[in-house]
Structure formats: C-alpha cells, structure tokens
C-alpha cells in the first residue's frame, strides 16, 4: 500500500484546493478520463462565479450519468439525450437559477440532436457542456456520430466507413448557424494551456447565461482511454493528432464580449 | 452431482475469466453448465462476480441463493459474500488479501494465499488461476488438464503469451489446496 | 515553498500530472492503493514551484497545493 | 343558467388545468386536442404562466419532467401517437417520483389511424408509464364538466402521490360542447416542496431528482414505495359512479364516452323491462374492483361496452373473477357504439337467459 | 459435445436472427444487450446483410418499419427504455401489417433504473405495441438455446401474421453463457411478397404500406382482421411447457428466467413432499389460458413468480378466474428470486392449507 | 354548374398533360396551396427520368400525408418526422430503388430534425422534398420551427416572439455544414420562372441519388393560404416579401455537376 | 322531452355553426344540451355534420344511432344520412340542392328550398339559418328570439355584420316551414 | 394553335393560372363546380400562345395543353 504523508494545512494558504461546488464523492471514471477534468473546470467556474447555491446540474446518460453525485448543487438526471428539454422545463419555471447540462457525444449528438438544436433555436438561456470523446463510453465503446472515419469501435470492427456509418457529425458547426446561440466554443484539455483555455470558455458560457443572452455550449474534445485502447497520455496525443483535425478548436460565437462592450460603450 | 459455485473479486482480478475457463472445461467434459456475470453497482473498482451451476443433470436455476462453493478473491468479497455459502458448503478464500473472516457457521473455510503464490510465480494477475486450481483440488469437477485445454480455447489471442504462466498458476493452486485440504 | 498534497486513495495513477510537471517532480508509486491503482507521489517538495500544471491536468481532483501564510503588506 | 358556459371538452380541460393551478404547459400539436395548446397559448401568459411548444412529444414530456422537478404544476396534452412517444419520459417521471398531469384524447389507431373517437389506449394509459413497474394514475371523465373538474383535481392527486396522473378521454369528449360551470383559477401552491430542485439551495440539503438506482435493493425499495402509494390511492382516490336499477339482471360496465351511451341504454332497457345497473369506473387505475365484484355477484350477467378490441373488459374480468359471465360489445377504429346498439344487446342478453 | 458451443444469450440471439434469415439490423446500443449489435456489426456484412447503427431507438424502429415494408427479414434489439421509445413505431408497424422482430432484454426500472435483470416490461411487451388496438406477439425463452431457437423462429411467425414479434428476456439470460447448438444460417425468403414495396413495380399493382384509414369502417376492419390473426396465433402458435408432478398440490406459474428458478424449486419441493407442477408460458401473447385454467382446477393453490410488481400475475388471474387462490412471489428493481426463496414459499403454502 | 367543353385530343400532340407518375386521385389540398404544385414537379421529374416503376414515395404526416394516393409509385406512409428513418430502412434493403420522402416543416424541422440531419450525415442515398410553409397546416395552423418572427399562428396569438417561440430554424443552412450532402437547394414556386428553377433543383436532387452521390434535399418555400389567412396569390406575394428574406433561395451544395465534370474530365 | 338532432352538409354550408347557435339558445333557455362535430374522412369538400341532444332531463348519450330529427343540407348528405332518421322522426331536407330521396319508411320528409330562399335574401351563405329557422318551426325547442340572441353570442366578431341577414334567414325559414308543416 | 383544357371538376378556382397568364386569357367561372369552387375557364383559345405559364402555376394539375400534330421533317 502506498504511504500517505500527513501534512497539516491549517496554517497554510491554498494555492489550489478542491472546489466548493464539488462533493467528496470519488468519481467513477477510468484512470485518465477527461470527464473528471471537465467536471473540475465546471466546478471551479461555479465557485468563481459564486453561483453554487443557485445552480442546477442536469446529468445525462453516458459515463457522466452520476454527475449529480459530484457537483454539490441541485440536480436532475435526464433521459438519454433529453437533458436540453429537461433544462428547458426547469429554466422556464426557475429563470433565476443557473442551469447546465453535461452531455456526452452519444447523448447529445446521436439520440439528443433534435433537443439541443431546438433549445439553441429557442435561445434557451442555459449552458451545455458537451463532452465529445468520439465513442459511446458507457455502453462499451460503440460508434458515436462523432467517431472518426477509420476509427475502430465495437460496432465498427473494420473502422468507421462512410458507407456503413456515415460522416462524423460536427455539432458546433451546425449550432453556429443558429441565431439563438450566445456563446459557442470548441476546446480541449490536452495540456495545461488548453485546460486554461477550456476553462475560460466554460466561464464565458456561464456568463452568457447569467447575463441572459441565450443558449451557450462548450464542446470539449475529450478522451476515452478505455475504449480507444490507449494510455491516458497517449489518448491526449490522439486528440491532438487525430481528433483536432476533424474538430478544430474555435470560439464560434461570443456575444458575451459584445454585450460587455455594449455595456461599456453605452454606460449605465 | 450439482455444484453451485459463486466467485467474486475486484474488477481486475479476473473472476469472470476464471469462471469462463471452468465453464469451457465443464462443457468439454460433457457436463451441463451455466454461467452468468454479476456486476456490482460501482462501475470501476467494484466487485465483479459470476455464478455457475455444474451438474450431470438438468441445470434448472442458474441462480443460487446458497451456493455450495464460494470463491472470494479479496477482503471486500469476503465481507459481502461469505454469508451466501450453503450450509455444509465451502468458502475458498484468497488469504493474501483477506485477513478477517465474518463469523459463519457450518461453512468450511479454506484459505489459500493466492496472490502471494501468484507473485511468487512472477505475476500477480494469475491469482485467479491459482484460486481456480485450488478449487478443483476441493471439487474435482474437472481435471487440471481439462482446465488447461479450456484456457487455451478461452484466452483471447492477445493474452496467449500468458498461457504458460496461467497453467503454472492452476498447478500451484491445485497443489496448495490439496495441502490445505489435508490440513483441515 | 509550495506544498503539493496528493490524495493517494483518490488517485487513479493515470500519470498525467507526472507527465506535465515541468520540474519532473512527481512519479507513480510502486505500491497499489486500496482501489488497485499506483498513485502519484511527490518526489521532493523542494523542487516544486507551485505552478499548478499537475493540478490543471489531474482528472480526479486529487491534488491540492498549499503555501505558508505570508505577512501581507498592510497597505494592500 | 348564467354560471354555465358552453365549452368544448378541450377548452374545459385547458381551463381546468389553469383552475387546478397549472402554470406551465409543454406540448406538441395533434388532433383532436389542438384546442388545448391553443387555449393555453392565449391564457397562460395572462396568469403569469408559460406556454411552450415543444419540438416533439418526446421533448414535451421531458420538459414536463424538468418543470415538475421544481415542484411546479405542469401539464402536457396529446393524443394516441404522441402518448406513445411519451412512454420513456413518463417512466422517468414515475421513477423520479415527481408529479405531473398528462391528458390523452384518444383517437383511432393503431399507427396513424384516424382522428375519430376511440378508447384503444386503455392499456397504454393504465399499464403504461413505459417500461418498468411504474404506472400512471388514470381518471376518465365522461362529460365536458368532468373534464374540467378532473383536470383541475388531477394536480392535487399527482402531488399527493408524486406520480403522473393521466386524464383519459376521446375525440368526441374533446370536441363536444356542453354547458360547463367553471372553477375559479386557483393559485398554485408554492414551489419549494422538500424534494424539489431550484431556488436557493444554501439553506437546505441539495436536492436530486433521479431515477437511477444502481443498487438493486434501493431500486426495489423505490418500486415498493411507489406500489404502496398506488395501494393508498386505491383506498383514498378510487372513484366510480353507478346508475340504474338496484336489483339488476345485467351489470353494465363502461367508462368515458361509452358510459354516457350506456346511461341512455340502461334507461331504455329498464323501460323495456330489463333491469340493468351501470357501473362506471372514473378512476381506471386504481380500478374499482370491489364494487364491481359485488354487483357481479348480484347480477346474472355483465356487459362491457368499450371502443377498443377488448382491453377494458380484461380489467372487468379480473375483478369479476368468474362470478358471472362477462360479455363484450365493442366498436373500434373511430366508430362508436350507439344507445340503440347497447339497448338491443341488453334485450338480447335478457332474452337468452 | 462438439456440436455445442458456449455462447452468451446475447450472441445466441444475434446468431439466431441470422439463422432465421435476418439480414437487416437497425439498433441503438443499450446495456445489457450491447453484444447483439456488436455481433451483428461483425457478422451481418459476412452474409451480405446490413448492420446500421441508428441515431436513436426511435429512428431504429422506423428504419425497421421501412426495411420491413420491402418484405425483408429485419430486426432490432434493445432494453427497457429503448423499447419505450419504440412504442409509436411499433404501433405503425402493427397498423401497416408488416412483420419484424424486436428483442427486449429487460433491465431494472422505471426510468433509467439499472442494468440488473427484471421482468417489469411484461405489460409493455404483451399490451404495448404503443397506442391503438395492436399488440406484439411475445415469446419468452428461458435459456441460451431457446433464445437462439426462438429468435430464429420469430421471423417465420412474424411473417405468418404480418405482425411484430417480440422476444422477451432479461439481463441474466442476455449475459448468461450456456452450451448452445447453433442452427445453420438460413437463406431469407425472396423479398417480393405480394404486399411488399420495392423492386420493379411495372408488372404489378403498386403497393402501399400504410396505417392511415380515415374511414372508420375501414379502420375497424383492419383492427378486426388483426384480431383474427391473433386468434389464429392463439390456436397455431401458442407455446408453453410443463414440469413436475402430475397431481400437484400447488401450481407454479413463471416464465423466462423465473421459470428456470422454479424448476429447481419444484424439484426441491417435491423432494420435500410438496407436489408441484410448473406451467411455463413460452408465448406470453397469445397466453396459454386454457391449460392454466385446467391445472388451476386440479391444484389447491397457485403460485406466480415474477421479477415485477405484479404484472404477469394478472394474466394468470385472468386465466384462473378464481378457480384457486393465486399467490405472488416477486422481486424487482434488478433483484432476483432464488430457488431457496421459491422452495420456502412452496413449503409455507403447503403448510398453510 | 360550370360547363365543361369537350375537346377531342386524340389527334393532337400534348404540349402538357398530367404526368404518368401521377394518379387520377384529386388532391385534398386547399385552393392555391403549393403542396399540389410541388407534387406535380416531382411527378414530372419522375416521368422525365423514367423511374416511376422503381420509385418509392415516403409520405410523412402533415397535409401531404396522402401523398401515397397521388404518386403512382410504391409508397410507405411514415410516422410524423420519421420519414428519413423509414427511407433509410427501405434504401438499405433496396439500393436500386429511387426513394424520396416528402415532408412538411413541422414534420422535418420540428419532430423529425434528428432523423433528417442524421440521414444527411450518413450520406443516405435518397432524396427529401422539404415543403416549408412556416406553419403546421394539417393540425390547424400552429407555430412551426420555421414560423417567422412576428407571425401570428394559432399558438402564437401575439405573433412569434423570440422569448416564447425562439428563432426560425433554417434547415438548409444547418445541412449545408454536413459533408454527406450531395445536393441541397432552397427554391420557391411564386412565379413560372421560380417554378422552373424549383423543378431543375428537384431533378438534380434525383440525379444525385441516381448517381449514388448521397443525400439530397430540396427545400421549397411554400404557401399555406388557409392558415396564413391569405388568398392564394397574396400568399405567393407573402413568400416573396416575408419568407424569402428569412429563407433566401440558394443552391447550397451541388455535387452532381462536379461529378459530371469529373466524369467529363476523367473520361470513361 | 328528448330531442336528438343530426345536421349535415358540405364543408362550407355552416351546419356546425347552425348547431352551435341552437346549442347556445337551448342553454340560455335552461334545457340540457350536448353538441359534437363529426368530420367526414375527406379533409376538404367532404360532409360535415354535428349531433345534438336537447332535453329537459338527463342528456346521457350524446351519441344517437337514430336521431329524432335530421337536417340534411345537400344531396350527398341526404344520400348518406337520411336512413339514420328514427322511426316516426323527421327529415328536414334542403330541397334546393337535394332532389332525389332514397326510400325511407316511417319518416316524415319536410322539404325546404333553403338555398333558393337564402339567395332570395341576398346571400346563399345563410342557407344554414333558413334550415335552422325551419327546424324550430317543426320542433319548437326554442323561439326565434332565443335563436337571434344566441346568434349574437356565437357569431365571431368578424361576421357580426351578417347578423341581420342571418336573422332574416331564420325568419324566412321559420315561415316557410310553418307552411310546409301545414302542407303535410 | 394550342388548345388549353381545364378540368373544371378538379379545379379549385385558386386563380393562380388566371393571374399568371401573360395573355390574360383565363378567368374564373361564375358557376360553382360540384366541389363548390369557381373553376378557371379559357376566355378564348385563339389568344393562347401555349406558353404553359398557367400549367406551371396550377397546383392541382387541372390544365393540359395540346396542339394539332404537325408533319415532322423527315430528316430529323
């Protein structure tokens, strides 16, 4: 067994400690899975914006189904793909709460595509965290709509071909055509710098919501070391080399800054 | 003959594989058999177990509330499952990882230092084979040769290089257990 | 001097912190934790710059970093 | 009569919802209940509520789930194909133990079918909150007035049992115009139920609305808790009405629009010398098995009238348990039974014995 | 024993489909049946078939509808929440009178529930092809071998009645490994059924696959035609098996995995001096009411064992119609009954009388 | 009653006569509804391409639900919104048949959005006729996703507002982001010239399918005189003035010409 | 008193509106009433009809297999529906559009040239009111004044300018029918 | 000379053909057809150029246009 050094931190200042918006529950993700990383960023943003007690998390169905156990906020667990509809229902009753969904690519891009697009079109004022790991993780590594061409999964044993599986779906590119979107970005978490970028986007997405600007979504190009059959670090490399060419990082829409500027210019 | 076997361990310990190897061997021998996996609620790091029925008659229920033999590969499995053992049954315990036994009556507890033996053989991962070897020492439903053949059939291609190690595990387990049996 | 504390029981030994520490200050332990992982440990607290790269990359929120409280200039 | 207004069943249902405190409506248009969303889109904003047209029935029921999670009074309405699409969502709502009201104005089926009246969603309503062991509590009004009143009352019942309540009617009741005495528009109760999410969670434990129980014992406990609520509803919220002779030769059993038809038939049969009693279940789940069994003991025969291929009759047979023979008179596919059909059948049955 | 191979229920089901001539599979992953789509994605291309992963279960069942319209042998498989989502599509398939096969490996519910074994979709399976009067024909295998054989046979039955056939099992049967003797991979029959669309329509009247009948009489005729097929199935495709004593004190009724458990319990009870007979319905719709009623007449009591909150027992009660008291032993939410539970219950019941 | 002049056409050559691919069944549409016009164009194209006996029409749910009565081809009637899934099922069994769906904006853009986007992403080789009349016609004039801002419908009595109904959904702009699309155009039928344009696009869409290039869709900006409360001619004017600014006409994707050119260049 | 009325015509003929006006008048009078529309399969140009029950007692079934009175506003309605009329009942027929009567027994057929009268009043569209006027001539369940008041309540705002015309239609129908009644 | 034939029973009197005929050659009849519409009729066949604008705009496929068969040059 590994030894655990006991250090008394009472008289010390934290450079970093677990976010308040996070529970003590250990996360069930596989080692090195970026789901946990994304969770942490969201929790940090909730802390920074001081909105923990008015935030509602909508967990979806995928490996992150237990998100409600990890975020120390009110929470609802939504049916597979329907988190944006559930969020809509909640937000329409409770416009002052901060509502976010946390969805995988199977959940959001396969079964739940209509719900997320329509929520965007309605300019629903909530935030979506979209974890794209190009695979159905929870159900054992089947093809997702976002699976890369040639990528082997448990249901594309020869690799995804256009003929049998179609093209990868770029959700952000679709959503970027919709005027109800207030903030839209694709980020990844393959290095400390990328992680900081991702966090900034997540923060901006929440700010868009707080400012009532409409729909916000951050896609996080993520890893599934388990079903990719790669070590955690290799998986990050795979993102850089294979995923990003298909899913280039970009801030597609940012009305937050525009709003801020508008405020700055207009006074009041 | 009707043997109801329950086998439990932590995720990575290979209880399922050991069960499948045994199932294959039993099938080859011409007995009837059923096997099914039970996943604990915890997705990762939870206990994994499987339940088997081995019989020369009709399998009937693949489910058993009181298995005649339970193989418990770590401390948590022992805590959670040893109680299941049928009256007069056997609990085969990996004593390398499980040190405390909950009180059970009318159960014969056989302790095998499975992990230590496996490490001794050069790879902790073969603990499951050590335990399986020990099991056929206690319940000779199949021979070690039959198990070895089954291993060859069941082991996925990419693990074929561990075949030898695994057979040595079976052997070591069988031996240890025969000793253990003698001891009791 | 920053003090890095890794929760050895929560750690899943993914090695990302190890890989991204610019000071090569972390390593995976040779011993399993309860959950069956080889957790990350700090090689030596002295080398740590408190840069938080490890924290940033840890998917399981196992790392906290502290520093001694310094006197704060009254004017601030 | 000035307290009565003429209203269609659809409008009375919608206004019943508002009277019952419903302030949130999520739905997707489908005939023959389109007047409900139309009514809601005009009237809900007036009372500070929200009408939102969903992109589908799947989305609608999940919006309902979300809104219901906050403790709000929320409803959706649809007709047969739309209700099929809501099955998964309903199962989540039952499993997560949140209250809501769903109206089904049944039309001819299966498939796209037609927009005629039907009762062929009986099983879908009484057995189906989708997969798993949950069910909807189901109430079947038989007039415009009852549509109004039961829809209003449904919210209370739903909250009492933290379970969806379904109001089951058909294309005729939906579109029929009758005098209706409207209830005042009640104020909805406050949102902050002890289990509800939303608002400020700093002064209370955080709430989680969820139907995932990886632990089998926990899941079983949920199922047994839900079942206990159904058992309680069978004691406290069981409703039926009776009509006709007290010493019947024939027991007539029908619900909804068919019960209307049977009332007239029972009158005519009585006039013709055949004593009949109509038992009309208003609550279809819970089902009034006991009174039914009692009347079946008394009567020589029972006649079940339904607009489906023999669904409702099964619940009657389950209750009667062989105490008397049970016959079925049914039409389907948008067709209706008439009082003449039923009266004739009653005379025939009387003549046979 | 070389003709037997070890297979999981999932794999045996998939291979059963191929053996039965299925060449088209549309599905969406869900535990505990993921090995079926995986198997199909590997094996169907080998026999010139098509595996297509749909974007959802809603899409999957509608792809099935389309493919079935051409006269092809087509199947989809899922588990509880996914089956809920297929209800509308199933209703269309029934209404349009096209054959297909649907497999439901039931898991714990309601809602997201868990991935443990359950039988709580009994009503969804036997009552539900969604809205309207249509139903699925439902077969409940109880071993890996039967999963294989019944899946293969299901296509023939589906075509005979131009109706969806559902294979109903659970998480244990799906994942259980047993020896299985595989049927050869049959050639599917030609596509050009007289009613099927596709191919060259120049030499025949054009075909229309449709469930819309605005004329109520036409719709009623469709419903009565479908009902007549169900009646025929009740004569020609009714299946059940029996096990145990011929002069039972207690009649045990169970299907699927529970029937396996009951076989062992019946043996043990008999050894213990309590004579029992197990009646196991294999076809759940049509339901073997008559043999059940006959045994109920003979036995003093009946015990129903199910992994749900009292669904299957209703069909048993309907068949028994009070001939003997019917008791229920059930677990739910992913939990199972054990032979020990059932045996104990049988002893208790015998002691009470 | 109006008199009907009997003219013997036996010895005459038709400049125009009813397409072969059309049945004699009178269409149930309201007077001046462009559904009928769109039907005629499709039937003409089927005639011109000589594919009537291998074409399969998938009727959807909307006013055009009876399409199977009008086209003299094999047909299936699909559940509301699911025509692309049904078409997928058919085409995967019968790749040599020519399959088209005919869907309204409620059907395709509301309940059926996921199905059409995924069919496009999979590059399914069939053709979609998408009739966008900015309203749910069949169910009595409710708001559709495509309803214009400010437009009054039976469920937007004050006119569609962003707050209550969200933004109009531009389906072509979404589909244009998807590589599986072989032909994509938005047309209308407000004048003879526009009608001819529309027909050309419909023809190209079918050609894309015949050439096996993948998914093709033609959006036809259409009228619903009944629920718009306008006379047929006014309705066409309304399209020009109000609808086209929101739904500009455009050929978004045309791989047919590229393919033809490729063939021309490459020989063979 | 229990009157079961069935009224049918082509889409644009206003059978539904006439029924609703009558329903309103009956309500105001303090009688019990039910009304429901029946749409024929044909979406456009099919027949539209409605069924009413008017009674001083309990409405019970709003559905009637054999209505005591049927009002048939065109030839197709007559062909399709005249058979429904109860034995001893009345069929009130718009003789302007329906010329052939299928054979029916024990039914009193009252023919009123509704459309002609309406055209005479200046607008064909008021045929429905002419027929309704004729109806209360035959079955005086409400008075013409009560109908006129009901019209005011029921007529949508944008059709208010037709109020007068409609009342004249009622009047003309009532008169014609009283004649017709006398004739029979 | 092109001959325009309008199916008066199918015609719904929408007037689109009337509006788009460049020769103002069509009008709506004063008489209702069976279905209750005022169908389009040809004012005079003589003016018609056979331009098919009416056909193009007719939503109900009620219009057919014919011309007398001409001798076709043999060389073609």
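First chain written, first letter: the chains are A, B, C, D, E, F, G and H, and each begins at residue 1.
The definition used in the following text is that contacts are C-beta pairs under 8 Å (C-beta built on N, C-alpha and C of every residue); 3 or more make two chains touch, one makes a residue touch a chain.
Since the model is a prediction, treat every value here as computed from it, not as a measurement.
Contact with chain B and chain H alike is made by no chain in this entry. Set against one another, G-H and A-D show the most C-beta pairs in contact at A-D. Chain centres here are means of the Cα atoms, and by that rule the chain farthest away from chain E is H.
Taking the CA centroid of chain A as reference, the farthest chain centroid is that of G.
Computed from the mean C-alpha positions, the centre of chain F lies at a distance of 42 Å from the centre of chain G. We define each chain's centre as the mean of its Cα atoms; on that basis chain A and chain H are separated by 61 Å. For the pair chain F and chain H, the distance between C-alpha centroids works out to 25 Å. Within chain H, no positions touching two or more other chains are listed.
Across the assembly, chain A contributes residues 29-30, 65, 77, 79, 110-111, 113-114, 118, 145, 165 that each touch 2 or more other chains. In chain B, the residues touching two or more other chains are 41-42, 45. Residues 1-5, 7, 9, 11-19, 22, 26-27, 29-37, 39-40, 189, 191-192, 195-196, 225, 231-233, 236 of chain F are the ones touching chain H in the complex.
Within the complex formed with chain A, the chain E residues making contact are 28-31, 34, 37-38, 41-42, 45, 50-53, 55-58, 81, 111-112. The residues of chain D lying in touch with chain A in their complex are 24, 26, 50, 52, 54-56, 58-60, 62-70, 72, 74, 88-89, 92, 96, 191, 197-202, 206-212. Interface residues of chain E facing chain B in the complex, by the touch rule stated above, are 1, 4, 6, 114-115, 172, 175-179, 257, 260-265, 267, 336-341. The residues of chain F lying in touch with chain D in their complex are 61, 65, 77, 79-81, 106, 110-111, 113, 136, 138-140, 142-143, 145, 154-157, 164-165.
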